[in-house]
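Down below are the structures I want you to see.
Common to both upcoming complexes is chain A, partnered first by chain B, then by chain C.
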Partner chain A sequence: MTSNQRIGAGQFFLMIFLSRVVLTLTYSINSGGHTISNADWFAALFMPLILLIMGVPAFVFLHHSPGGDLCDFAFTLGTGVGKAVSLLYGLLFLLLTFTPVARFSFFVTSTTQTEKGEWFFPLLIMAAVSFGAAKGVQAIARTGAVLAVIGIAAIAAIVLALIPRMDMLNIYNPLAGGIREVGSSVLLLIANSLELSMLYMLAPHIRGSVKKAYLGYCVTAPLMLFLVLFTVMAVLGPYATLQLFPFYSVAGIAKIGELTNLSALEASVWIVGVFAKCALYLYFSYRCLSKVVSLPHRWMWFVLLGSLSAIAAAMSSDNVKKAQLNFSVVGSLWINAIFLIVLPLILTVAGAIKRRKQNATMDSMVG
Partner chain B sequence: MRRWILWLVSLSLLFGLTGCSDTAPLKEKLIIEGIGVDYAENRFEVTLQVYAPSTEGVSKKGYQTFSAVGETLYQALRLVDENTGKYSYYSDTKVVVFSLDALQKGLWNNVEYFVRSSEMGSNVALAATRGRAADLLTVEGEGNNIPARVLSNALHYGKSDVGPISGELMTVSAMLVNDWGEVSLPMLAVEKKEGKGYPYFDGVLCFHQDTPQYQMTEQEKWVYNWMHEYYDDRAFVLPYDNHLYALQIRDSKRKIKVYVDKDVPVFTVSLTLTCDIMETNSAHGVVLTDLEDLKTKMEETVSNLTRSTLQQVAVTQQCDVFDLGRTLRKQHHDFVRRAGDLSTALKNSRFECITEVIIARAGQGSVDE
Partner chain C sequence: MEQTKLSSLLIQNVMQVRSAYASSGDLNVRMLSSGEHRFACITLENMVNKQILNDMLLKRLVRQPLSGPPMNCFIQIEEEISTASEQKRISTLEQLYEMMASGFAVLLMDGVPLGLALGFQGFPARGVQPPENEVMERASHEAFVDVLKLNTPLLRRRMKTKDFVIETMQVGRSSQTQVAVCYLQGRASEGTVAKIKQQLRSVKIDTVLESGYLQPFLEADSRSLFPSVGVSERPDTVCAKISEGRVAILVDGSPFCLITPFLFSEHFQSMDDYTMNPYYATFIRLLKYLSFFLAMLLPGFYVAVGEHNPEVFPSAIFFKVVDAEVATPFSLLWEALIIHTIYEIMREAGLRLPKSVGHAVSIVGALVIGEAAVTAGLIGAPMIIVVAVTALASYVIPSLYYPTAILRFLFIIVGGLSGLFGVVLLFAVVLTEITSLNAFGVPISAPISPFDLRSMRDTVARLGWKTLSRRIAKVQELHGAEEETR
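And now, the complex of A and B:
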């Protein structure tokens, strides 16, 4: 990445925060068969520690990497390794691009009475996302930072407006369903925490303290999760289990003065969050795949990847059964484990072994 | 060239994403304010009250009514669109009224469509009526208020800060689908005066699971309001010392605690009522020295009434409309789990009631020593 593609630590923090919050707003009862309950907000209280632990492999990698991102580091181990890793992560980021778009398309076509088909929204959104991605990470980060502040303000407004509607009778002992229920909630929250992937791609290019930015994320994102999930349960209670998108439903009940039905505000935050998040992931996908294959012009990548994402998003949300895959907890957990923890650790260890061999060879030559 | 392409893309996104391409003009929409659901001859009959400003020259009353009949509620509602050639818009619906006959077919059958509809607001008020629901949608309003809004106001007791008594769509559907308590719906009726109909609050209809089970008496309605911390301007008449004291309850607060004694839940209900003395029906008015005895008498009356109402409604009729089950689940989850479900858990409940009455004012009349 060139020097004009560096971003501030604050921008990085706001980007990963926005990315996580958008996912929480789009919480659906379709999420891998998980039913929303009081265990969810309780599970959010464990997330700071879990996110910190999940970040350890990333920071170990960063400590050992010479300054490039994950794909650049893989190339230092060999061209074949570099291309394989770049291809895998390129496809991962493509998946992470179209999944939020598919979720959004599913949301719009099931809750807002639109007559549009499943192709309409993915095509329109990916057109905007592709344009955003083509502008580069600095432009995306700047935009995302502004959108994150707007998003935080909007969510705070909705939560505050709902305080009079909270009924504490809806909040009961989160352990009432047993430890298993809490465990299931924790797994769901971990499955949805894929923002670590941004750390691997952006960390070498961040001005300022990456550690502080990530620490800030570990504290604030779970706090936002807790607020959103607690609000949903306190206001809706058992009605939440009947709603496809509970936070959207609860925002529909909120009112501030004469302003009623704030669900449009929630949907707006969702849209802008999806734009910023997907633009960044599409950019990462381009960064990785362009190391494997070369195209004559840079813009061709964004047209190609944008089109592929739109097609994938439309095809994966055209019926209820397929749409459920977009919310799969098991799939996300595997992605988390393989791409965010195992592979980086393997690369780190391989890099350390290679460096040790090189040092040993140099020592023997000098000796 | 690039700038032109960007402009073109932006404009297409603007028109595409803002819904400009998917609109129906206002004249082609039926803005539904109120819905009445009746049932006769194995069919649902729906009556839709539609907003129709008199400037359109269509209706001087400000509303129009359309009806249709179908085997299911959804079929009947869709037939209205077919028959009128317009698109029904439910986002502004204030109230849905069900006749008792319709409710006998099962509450879930009546509300399911509204729960699934993304247009219908979660906090739309639901109500029941003994007669025809369609008749309730013709009550007189004042000024420019159309019947549905008049009914909605009646359910709010005319106060903007008091919610409709437990008849919101989200509360009703949550109770039905989950084992969290029983549904209660406010009942409305029409009183005819000088050829015009005026709505009034006719009581509370309690359900056991999906079926209407019990209608509260006039006295039991008081307890219902206190337990839900609602207050209205009705007069509570208390006979005391050969006089009739008419009191206005200004505020009610309730706390429920429960303990389990040999597998029997014992509920302790603490009520705090703040009231004003408005009439004494005695020549000497309010005497300070009587206030203590009056307070004691009121507390005793309220406690006895509350205990008997809870016993009758929640235990005998198995209509837990007072959040007792939810409180039991919150404070003794293991007991509920062992019992299997809330109905079984509440079966043999006992009640202890502690009331505190605060006599705040005696109006503008004199208070004698």
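And now, the complex of A and C:
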């Protein structure tokens, strides 16, 4: 690893924070059949603990593979294993690249720019994202850090502007819908926490304490989620369930001075978040897939993967039914379980067994 | 390159010089005798001060007949007769040509295979004058000139420490331009200095007539819109940068000095910031950042909002804009493109025209754009305001004018086609482009990203001298700078 790929722990924290918070802004009534309610902000209070637990397999893995990312580690177990794992994760990151683009495209074409075809925004966004990804992880992390600060300030401004609009009568007992409703909210929050995958790929590039950065994320991201969800419910109340994109709607009635509509600000935070997040995932996809197949030039990867993502995003956002797939909770939960917990644990155990065998062979040779 | 030794036969040397300069009319060969010895004094027309040459060498040589072995006489001239403060022995024809082209007079003697280059330069040169492009209120009124030898004292006078190093080298196959690499030993990174020298030596270029010829060879990415090499015509600015561990490159023939590594935030700094009250300096910095964003984003933002996101306008402004635009035949996108193209044409014409005609351009511009276009209903009045504000803002940071001008058009097109989302997306792309640049291992986006709190005291805000002087700011110590640069 060369020093020009190193990023700071603070940048890593801001990247995962932005990535996670943006998902909350994209909250839709299409979110896998889940309906927004008071149980959602209540569920956000459990998130720090859930995120900490979800991080355990990652830190166990990182403890056993110092110096390389997940794919590098898989290659130490054998070329075949390495290629298979790289292919799987490469495809996962491609999926994670085009899903937010598809969501955004669906959002724009169903709200502000309904006259635009389903291809316009995926192509535009993926062109920008491919450019960003080609610049490398360092540039993405530096940009992401700046965008995260701007994003936090913008969300804070919207939330502050909405305080006079809040009606506490809209906030009622979060357990009124039963434990099942809270459970559904928790599952949705877990399903949307795929940022952990960044840890597997970025940890070797990070200068500074990864643990502190992740701990910071576990505390601050749920706090932001709580603020956003609480604000939506306090302002819109039961009307939130009728809005296609509740936070976008709520930003539309926020007022700061002469500005009487902050929905464009919310959408701007959304798109910069999509840019930073997708550029990073596209870069990871390139890192993984380039270990399986080689192309004559590095830039070809970004053109190829960018084009594939744009096509996939356009094809999966041209109608509500397909768009619902992008918000699928069950699908995301399975991805979480397989790629963030099961596979890394299998690799860690396989690595430990291989190391033990090697040590035993060495001992017998010495003996 | 193969070197031709000077012969001990004077006539042969003179013949060779004459044949080398056969097509040039500015070669002067003055043959003279002193005692039993014959000499040739070779100069290029107007490159030498003839009065000084006569007084300090030729008269003395003729009046004091020399006798004895030629080599002894040569040494006598070198040590006793010549009073030139700068003189150098030469032994090859190539050295002779180089010294002549640098304004030296070369004395050749029969029987000695050596020459004596004497520094009697007298070529016409512009004297030190006030800066034209970086005008300051209170800072020094001296600017670099075109001659390297006049520029180095401007730095040395301000940087009296013995650690201040000026290394010279030649670049350009034909021009053999003198280039000076200036830095503070112990403050500048040795690795960076070595890399810069290596890059300058490896420049394969025939002629170097201006520092801009070398700039692309020092840039982090020569294809990037944003420079990672700074340019200044002010010796005080260059000294300030050198004291922070940067390296300055002066090029003979150019009044502009290159500075590297150069951070993006330095475009918003000026010498006056440090002579003013820190509160006012901070206020001016904030204005500069605001101006940069206005110059780059305002037209694109206006087009995007007007075409696709009118909900962003407060209602009072929205109705005014609609009123103005409903009567014009073009869409906002085309209006913006047309008006900005006209503005760029006028600016270019204003720059190249003689000053006396420049006023005419301003009048035509004001009449055509300001009055006629609005009266004829071709362009809406708000668009004129947008252009005016953008034009004014773009002059606040002259060093960023070129990237800003290009990006402005891109933002207009993207804004017109995709609305505010496209503008925001392009802004993220521009940000990525800036953050991807590392000038000799130093990220040019520092200290903003990677964030460095200690250095923020002289970035967006400018704290007082008592705070700033507590620590010497070194560019290699910024967060994110590669370890090998330290």
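Everything below uses one rule, namely that the second predicted complex is superposed on the first by the 363 of 367 C-alpha atoms of A that agree within 3 Å, B and C clash if a C-alpha of one lies under 4 Å from a C-alpha of the other, contacts with A are read in each partner's own complex, and residues count from 1 in each chain.
Criterion: contacts are C-beta pairs under 8 Å (C-beta built on N, C-alpha and C of every residue); 3 or more make two chains touch, one makes a residue touch a chain.
All of these numbers come straight from a predicted model, not from anything done at the bench.
Novice: For A:Asn261, using the defined touch cut-off, is the partner it touches chain B, chain C, both, or neither? Pick first, second, both or neither.
Specialist: both
Novice: A:Lys83 contacts which: chain B (first), chain C (second), both, neither?
Specialist: After superposition on chain A, A:Lys83 lies in contact with neither partner.
Novice: Touch test for A:Val108: chain B only (first), chain C only (second), both, or neither?
Specialist: So A:Val108 only meets chain C here.
Novice: Chain A residues in contact: does chain B have more, or chain C?
Specialist: Between chain B and chain C, C touches the greater number of residues in chain A.
Novice: Tell me which partner A:His64 touches in the superposition: chain B (first), chain C (second), both or neither.
Specialist: neither
Novice: Using the superposition on chain A described above, determine whether A:Tyr172 touches chain B (first), chain C (second), both, or neither.
Specialist: A:Tyr172 sits against chain B, while chain C stays out of touch.
Novice: Contacts for A:Leu124 in the overlay, against chain B (first) and chain C (second): which applies, first, second, both or neither?
Specialist: After superposing on A, A:Leu124 lies in contact with both chain B and chain C.
Novice: After the superposition on A, what does A:Gly10 contact: first (chain B), second (chain C), both or neither?
Specialist: second
Novice: By the touch definition at the top of the document, which applies to A:Gly136: first (chain B), second (chain C), both, or neither?
Specialist: second
Novice: Identify the overlap between the chain B-contacting and the chain C-contacting residues of chain A.
Specialist: 112-113, 116, 120, 124, 128, 131, 252, 261
Novice: Considering only the defined contacts, which chain B positions touch chain A in the complex?
Specialist: 6, 9, 13, 16-17, 19, 22, 91, 115, 118-119, 121-123, 170-171, 173-175, 177-178, 180, 323, 326-327, 329-330, 333, 337
Novice: For the complex, give me every residue of chain C touching chain A.
Specialist: Residues 305, 308-309, 311-312, 314-317, 418-422, 424-429, 431-433, 435-436, 438, 443, 445, 448-451, 479-480, 482-484.
Novice: In the complex of these two chains, what residues of chain A are touching chain B?
Specialist: 110-116, 120, 124, 127-128, 131, 169-173, 176, 236-239, 241-242, 249, 252-253, 261
Novice: With touch defined as at the start, can you tell me which chain A residues reach chain C in the complex?
Specialist: Answer in residue numbers: 3-4, 8, 10-11, 108, 112-113, 116, 120-121, 124-125, 128, 131-132, 135-136, 138-140, 142-143, 145-147, 252, 258-261, 263-264, 267-268, 271-272, 275-276, 279.
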